[in-house]
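Note that subunit A is present in both complexes that follow, paired respectively with subunit B and with subunit C.
== the complex of A and B ==
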C-alpha cells in the first residue's frame, strides 16, 4: 500500500499565500474547546432558515463572503471557487453558488473536501491561472444525520465509535501575492479500502487512507514527522487517531509527539457526549480556519501538515453490503519559505 | 448575466493532447444513431452485477482501463484521475477508484462532469504537474431514475420535456506529449439560475448556463461561432437546444448553423421514445469519446467547442421548493495548434 510513487506530491514553485480565512460554527462547536477561535458562533442551527439544508447553504455563503471581506477584496476579484459538501448533489454548495457570479468547480471528497479544494486552488495560483481563488466547504449535523443515518427525532443511541458531524463552514482566500502562510506542498490521496463495513466507525475506515497519505508525503518530501510542528488529520476521532499512530509506527514513523486530529480537538468528548469526536467536512475546515491558522499567526506553529480525511460511502453502498473506502489529501502549510 | 469578465477562459500555453478515448454504452444507446462509434455496447444494463450501482461502477472502471490500454500506457503511468458521477456521494466513482492506486480528485458537476474533469486534467498537464491524467465520468439510466425520480417498476409516464439518462461512461487520457487533438481553451462556468422549478424540464433549466458559458467563451477568445466546425452542448435535449439558439441570438451570435446538443444526437427521439433527448454525465462523455473524437480523426471536424451542461438539483432541493441551478463548462478541442 505504501509504495513510494514519488509523484503523489507536488511542491509549489510559487507557493500561494493563505490571504484570509473565515470560520462559522454551530452552537455546540461554540461550547467546545476551540470556541475562542471561531469568527461566528450561531445561536441556533437553523440561522433563520426554514430547513437545515438552507441553513447550511447560508452558513457556507456567509463564510465565503467573510473570507473575501477579510482579504479586503471585492467578490469580482475572486476568479474561481472550489467547494463542496456532504449533501447529495452538493445541495448546500450548489445553491450557495447562485449568489456568486464566479466560475465554480464542484468537488466531492466527503470530509476531505477542504484539502481537495485547497489543493486545486493552490494549483490554480501556482500555475499562474488565477490571482485569487476561494477554497471552502461546509457540513451540518442535522442535514448529515438525516441523510446518512437516522431521523434526529428518533433519538437513536449511537455507538462509542461514532462521531459527531460538525455544523459549520471554513473558507480561505488563496492568493498569488502575500507574505504567507504558504501552501508549500500537496499530497493527493488514493482511495484505500481495507474492508471495514461499520459506517458507525468511520475513524477506522479512514485511518488507512490517512496513514497512506502521510507516509507518502514524508517519503516524497524526504521529511520526518518532526519537521512539522503539527501534523493534524481531519476527522478520524479518537479511534482513528490511535490507528494512524500505530500504522505509521509500523513504518518507523513516530507520530506520537506532534500528531493529533481535528475531530479530537474540536469537542470535549467527556462533557459534550460526542463519543469518538467531531467529523464532517467542516470539522477539518473550521479547525484550520479557526484554531490552526490563528495559532500560526501567533507563531505557536510554523510548519503544519493538514490532512483532511474522507469516508466515501453512501447510504446505498452500505445497504448493498459494501465496505467504506477512505481518502485523505495532505496540504503542507508553512509560515516561511525554505 | 453575460458580463465579459475576460478571466473566465484559460488559454493553454502547452495544450494537452487527448491521447486516447474510450466509450461504453448500454443496450439502448447501442440501438441509437451513434451506435457505430462506441467501443463497447452492453447487452444488458446489469453487466453481470447484482445492482445497477455496481454495474455503473464496473462500466466506469472498465472504460478507464480501456482508455489507458488504448494509450499504450500502464496504469502506474497515470498520475491523477479526475472523475465523478450523478449518484449520491459519487458512489459509482468512489468504488471504481478502489481498484486504481492513483491519486484521485472527486468531482460533482452533475452532467457537466466530463468538462469539469477535462478542464482540471488539462490544467494539471499544461501547468507541468503531470504527464498523464485521466478525465472520466459515468451515468446509468436505472440508478439515476431510481435516485432522482420514481422507481422504474412504477412505470410512471414522463412528460415530453423530460430526458432519458444515458447508460455508459466516457474516459480520456490527457497527455503532455502528443500530436492532438489538443485541449486549447477552457471556459469554466458560473452557476446560473433563472428560477425554473420543473425538474422534468432540465433542458430549460440548464440552457441559460450553457448560453452564458458559450457567450463568455466567444467574448474571451474573440472568436465567432463560425470559427468552430461544431459547437455541441451536453444534454440540453431538443427543448434546451432551441433556447440556447434563441439566447445566443439575442446577443447577436448565430448558432443556427453549426450547433447541436449531444442529447439530441444520441437517441432517435421518434423511434426510441426518449422525448426531449439524452441526458446524464455519460451523454456528453460518450458522444465526445465516441462520435466527436472519431470524426475528428477523420477530419470531419477540426475545431470543436464542447460544453457539457449540469443541473445542480437534488431530490431534496426540489422537495423544498427550490428552482434548478444550472452550470456549463466549455472545452475547446482542436486538431491543429494555431
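== the complex of A and C ==
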C-alpha cells in the first residue's frame, strides 16, 4: 500500500507524462479571456451537424484526434480511452468512440470528469497496464440546457448564481515515457452534500466537496497551499470560489493568493453575461488543455493542483426535492519530479 | 448527527449571504414597463378592431390571435428570450409569453421527430398552465351552476 498516501491520495511511482493536449471551444468561449490559448474555436455551435448532440460528439472526436496527432502517435498506439460527458447514458462520448477502435471506459463524474479520466488513466500507466492512454471529456451549452434546464428560446431570467455550460472538449495523451509535465499525485474525492437544493447555484453545492478534496490532498501529501504555483478548481464560479477560500481558511489553509477557478477565468462575467461563471465538463478540460498546460510550457507555472468539480444531480432528482451532492478530484501536475 | 445538521445549516446560511441577489426594484420596473407595453399594444389592437365594426368578444379573440402570433414569431426569430431576459415576468405572464412557452420547446425538440419530439414536448412548459387553468375553470363553473 505504499503508493497509497493517507486517506485519499495516490503517489505515482512512475509519474505519467502529459505528452500532448488539445482543446476545442465554441464561439462564446472563443470571445472570452482565454481565447488565445485554444487550438480550435468554432464559428457556430452546430459545426455543420444537424443536432447539438451530434455536434458535441464531433467536437470530442476531433479533439481526441488532434491530441493524438500532436503527440505524433498513431491511433493504434493508444491502448485505452477514458472519457465521459454530461448527456444521458454518455451518448456524446460513446458515439464518438464508434470511430476509434480503442478500448474505452465511459465515465460519469458530472463536470469533474476530466480529473476522473486523468486519474484512472494515470493509474493505468503507473500500474504498467498501458503505455499511452487518452483522457478526455466534453460538454455543450445547448445539449446540456436541453437536458437539464429550459428550452433555449424560453424567455425566462437566469439567477445571478447560475453558471454557463462551456461548449467544447479537452483531451490529453498520457504516456509512460516523457519529459513532463507529470501527473505526480491524485486525490480522489468523496461525495459531499451540505444540503444545497438550488440547482441554479451549483457553485455552492460543489464548494464543500472541492474544499474537502483540497484539504485532504494537502494533509495526505503533507504540503501547504504555497507549494503550488496555481491551485485551480473546475467550475465553481465566483460564488463557489469565495466559499472554498472560506472553508479552507477554517482549516488554516490560506488559498487567497494562488487559488482560482476555471469557471471564473474562462469568461468575462460582466461583458459576457455568464453570471457566476463557466461550468460543464469542458470548463475544466479546456482551461487545463488550453491555458494551464500552455502556461506550464512557458514555465509560468511549474506545480499546479487541478481540481475539477461535479454537481451530481439529474433533472429528476431536483424535481423530487433532492439536494445536489458534489464531488471533486484533485490531480497534481508538476513540470519537474522531486 | 446534530453537529452535521448544524454544519449544514451554517453553510446554507453562509451561501445565502455570499450569493448575489438580483435587483428586485430594477426587475420589477422592467416587468412593469414591458408587461404594460404588451397590454397597451393589445388594447390598441382591440380598439382598432372594434372600430372596424366587430363586437367586444370578437375583438378580444382577434387581439389574442394577433398577440399569440407575435409572441410565436418573435420566439422563432430568437428575440423573445432576449426580451424575457430583461422583462422577466413582464413578458412571460402575458399571452405572448404563453406562445413563447409553447413554441420554444417545439423548436428545441423538433429534432426528435414530429410525434415524440415536437408533439409530445410542446406542452412541457405550458402544460401545467393548461391543466390547472382548465381545472380552475371547471371548479368555478360548477360553483356558478350550483349557486344559480
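The rule we apply is simple: the second predicted complex is superposed on the first by the 332 of 338 C-alpha atoms of A that agree within 3 Å, B and C clash if a C-alpha of one lies under 4 Å from a C-alpha of the other, contacts with A are read in each partner's own complex, and residues count from 1 in each chain.
The rule we apply is simple: a contact is a pair of C-beta atoms (placed from the backbone, for glycine too) under 8 Å apart; a residue touches a chain by one contact, two chains touch by 3 or more.
The model shown is predicted, which means the values in this text are computed figures rather than measured ones.
Shared-chain residue A:196: touches subunit C; no touch with subunit B.
Legend: residue contacts after superposition of the two complexes on their common chain; A:69 is shown touching neither subunit B nor subunit C. By the touch criterion stated above, A:91 is placed in contact with subunit B alone, subunit C being left untouched.
Of the two partner chains, neither subunit B nor subunit C is touched by A:302.
Within the superposed three-chain model, A:246 lies in touch with subunit C and out of touch with subunit B [touch as defined at top]. In the superposition on chain A, contact is made by A:208 with subunit C only, not with subunit B.
By the document's definition of touching, of the two partners only subunit C reaches A:160; subunit B does not.
Of the two partner chains placed by the overlay, only subunit C lies in contact with A:150; subunit B stays clear of it. In the superposed model, A:316 makes contact with subunit B only, not with subunit C. In the superposition on chain A, the residues of subunit A touched by subunit B in one structure and by subunit C in the other are 51. The touching residues of subunit A, when paired with subunit C in their complex, are 50-51, 146, 150-161, 194-196, 201, 204, 208, 239, 242-243, 246, 276.
Looking at the complex, you find that subunit B touches subunit A at residues 3, 7-8, 10, 51, 53-54, 79-80, 84, 86-91, 94-95, 97-98, 100-110, 116, 119-120, 123-124, 126-130, 188-191, 193, 312-317, 320, 322, 325, 327. Residues 7-8, 11-12, 14-15, 18-22, 27, 75, 78, 80-85, 87-88, 91-92, 97, 100-101, 103-105, 107-109, 111, 125 of subunit C are the ones touching subunit A in the complex.
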